[in-house]
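Below is one structure, written out as structure tokens, with a few remarks after it.
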Amino acid sequence: MLDVDQVSVRYSSTVTLRDVSLSLAPSRTLAVVGESGAGKSTLINAILGLVPCPTGHVTWDAKPVRKCRPALVMQEPRSAFNPRMSLRRSVKEPLRGRQLDEDRLARLCSGLEIAPDLLDRRPAEVSIGQAQRVGILRALIAAPPLVLFDEPLSALDAVTQKHTARLIAQMQREEGFAALIVTHDLGYAAAFAEEIAVLRAGRIEELTPARAFVDAPQTAYGRTLRDAAFALGAFERVA
Amino acid sequence: MRSVAGLALIFVALGVFGPMLAPVDPTQIDIPNRLSAPNPQAWLGTDAMGRDILSRLLHGARWSLGLAFLISVMGLVIGTLIGLLAALGGKVIDWIVMRTTDTFLAFPELVASVVIAGVLGASTGSLIFALTVTSWMRYARVARAIGLSLKTRGYVVQARLAGVSNLSIARWHYLPSLLPSLTVVWTGMFARAILGISTLGFLGFGVQPPMPEWGTMLLDARIHMRSTPLQMIWPGLSVVVCVLAINLAGDTLRDALAEQDHKA
Amino acid sequence: MIQIFVSLVLRAVVVLTGTALATFALLWHAPGDPALAIAMARHNAIVPTEVIDLVRAEAGLDAGFFVAFQAWIAPLLMGDFGQSSVTGRDVWPEMVTAISYTVPLALAALFIGLAISVPLALLATRSPGSWVDRGAVALASIGVAIPAFWLGLLLILLFAVQLDWLPAMGARTSAHMILPALTLGLGVAASLTRILRSSILEARDQAFLPALRRRGVIHRDIERDHVAPHAAIPFVTVLGLELAFLLEGLVVVEVIFARPGLASFLVSAIEARDFPKVQVAVLVTAVVFVVVNLLIDLAFRTLDPRIGEHDA
């Protein structure tokens, strides 16, 4: 299980994460919500070890997170692929030379509704929605126990968002990975996560089960976020 | 674009096959016929030792273009590796590499090669060494700058997360992105190498007589400027035409790449 | 700003130390025994081994690279530039004389370069793509491709040999400076024209200029307030490149025209294998080059506020 213990991150002089603690059990889903600039992307980078975090620990089953080879699904699906390589080559990258299990690839492809010949194209030759599904495929190919999603729906149009969100949930049921989803879309978070963490100015403001959060956020800031999402119709849109 | 590339090709061909086209042996001395004006036997005349100037020019193409090609390609390889090392090696290595690069740039390249070639003693070997150690810095800077900008690119982060080694990342993700810009730098450095070889030759620090090299030929021709001024025209003109063609090819390449970037 | 200044100066010091080390290493590995060279120069005869060993110990040459480097650099930092190993005379006064010949020549060449390139670039960019523009580009492209030594020889051939208008060799009168300055200046003009032209065109291409024009801001004001400052930035950086170009050109120009000066000082010292002179000439050139580039870097940062601290 993922254990984030009192992590703080500072860039030059500004603190972007302050004493953040979280935990996430296998096959469970945690959504981290917050406004832009709250430190959501930094949290992902800190968990993955892409930024040094001088204080605190991030572990998976009491070992450094990198040991479990976590995967990341990025916000911008196109730039997540080398424009000069076929998608197939990029998808095989996490296997690091190990033999590709063709059955598994076929199963994942059908689960993610990826046509087999799509993988022979280059990133510029597929739609954003297709690219994002291939991004999820690459994240899952090596069967990681933990997958991080950094605003996985933000670059997609509304219809594709809904579809992709369902596919992610379905894949999680089949594969059983723990998912940490960073999003500013409260509707998505409420519909697909079991727990919601509200991040504000680098701190965890509250950590509440998703259902309870929609009914009654524990903090004033949580209420503001929920009410704003209500006004936009976010909860009806996705669920 | 195509015409320029064609022109560049002709020059490369000239460098490779030029010597075969030469009518006579470029080192064959013929004192009775020295300093002759252009005539049916020697189309461009003969030099102070009676050697055929046209043959010397054609053989000189191999020295000037061939050596320049060798030097600029070595600079390209060395510079790219150093630049990649700086971009991938972390802060300390980056600092050391970049200050080393600055140190090599603390001196105009051509002056540095004159000093190095001169101190090591005139020979083709020290010419190659002197021009190569002063020609890798631009590639290193370009490779490092692009490399650093790629560091946070999505697919590089993904490769890193997947545990791909630095070497593979450099090979598959960095190098392909670097090549277009490095090729443009290379054309410029190729032209500079031609100028450098002829300059060192002219100063007496380069290719040694009796080998025909355009700069050395000019050095010989200079003494007889009054009697046979035409002798001085040909080697210089050869340098200018080659450098001009390569520079034009480089400009066209750069514009084509910029347009491609614009479209993408 | 002060932080940037300090870090840039520190970097210059590191670079110059590197240059001194590299030069010393080069001479250390040069073929021939430096102690023998010094001893022969001093005693002007075949010298016994003991004398050579004495010289070697004196110059710290027997104690390894870094001791020898220290023995050389320490007096240098105190202002003692040493003696020529050939003539035994102090290097510094000769150096000063050489510089006094080189600086006016370099300035004259820079002046010629600016006087040709600025009007030419302005004329060319008035109507990009016109025959004037194409002509200027073609001239500049050819100019960049002409090696300085050939241009110098051609000018000598035309003005000194054929027409007999100007003197070619030496530096006795100010007329002697015309041909060398022209040789260097034409080269500077060619590369400056290319760069100026493209930076003016790029400055005119800034996204907000059409909006200004539609708002009725007149052409002259746009050129002065928005185009000129933008075009000035690459121009300033290019001056650093031009300095490199000048120094490279000086090496051949001073040799061709048999002028005394920094570059011919360096070349003749190399030919005579007079290493103390080579070292001083190299270091002086490096100091000039690094300091001028440092000043340019600072000017650049003042002109362009977008360059942040992280680029320092």
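Worth a mention:
Going by the order they are written in, the chains are A, B and C; count residues from 1 in each one.
As a convention for this text, a contact is a pair of C-beta atoms (placed from the backbone, for glycine too) under 8 Å apart; a residue touches a chain by one contact, two chains touch by 3 or more.
As the structure is a prediction and not an experimental result, all values here were calculated from the model.
For this structure, the chains sharing the highest number of C-beta contacts are B-C.
The greatest centre-to-centre distance from chain B, using averaged C-alpha positions, is reached by A. Spacing of chain A relative to chain B, judged by their CA centroids, is 50 angstrom.
Between the CA-based centres of chain A and chain C the separation comes to 56 Å, rounded to the whole angstrom. With centres taken as mean Cα positions, chain C sits 21 Å from chain B.
Residue ranges on chain C touching chain B, taken from their complex, read 11, 14-16, 18-19, 22-23, 26-27, 30-31, 141-142, 144-150, 153-154, 156-157, 161-162, 243-245, 247-248, 251-252, 255, 263, 266-267, 270-271, 273, 275, 278, 282, 285-286, 289-290.
Here chain A touches chain B in the complex through residues 48, 50, 69-72, 74, 76, 79-85, 90, 93-94, 96, 124, 138, 142, going by the rule given at the top. Residue ranges on chain B touching chain A, taken from their complex, read 153-155, 157-164, 172-173, 176-177, 264.
By the touch criterion given at the top, residues 99-100, 102-104, 106-111, 114-116, 118-121, 191, 195, 198-199, 202-203, 205, 215, 218, 222, 225-226, 229, 232, 235-236, 239-241, 243-244, 247-248 of chain B touch chain C in their complex.
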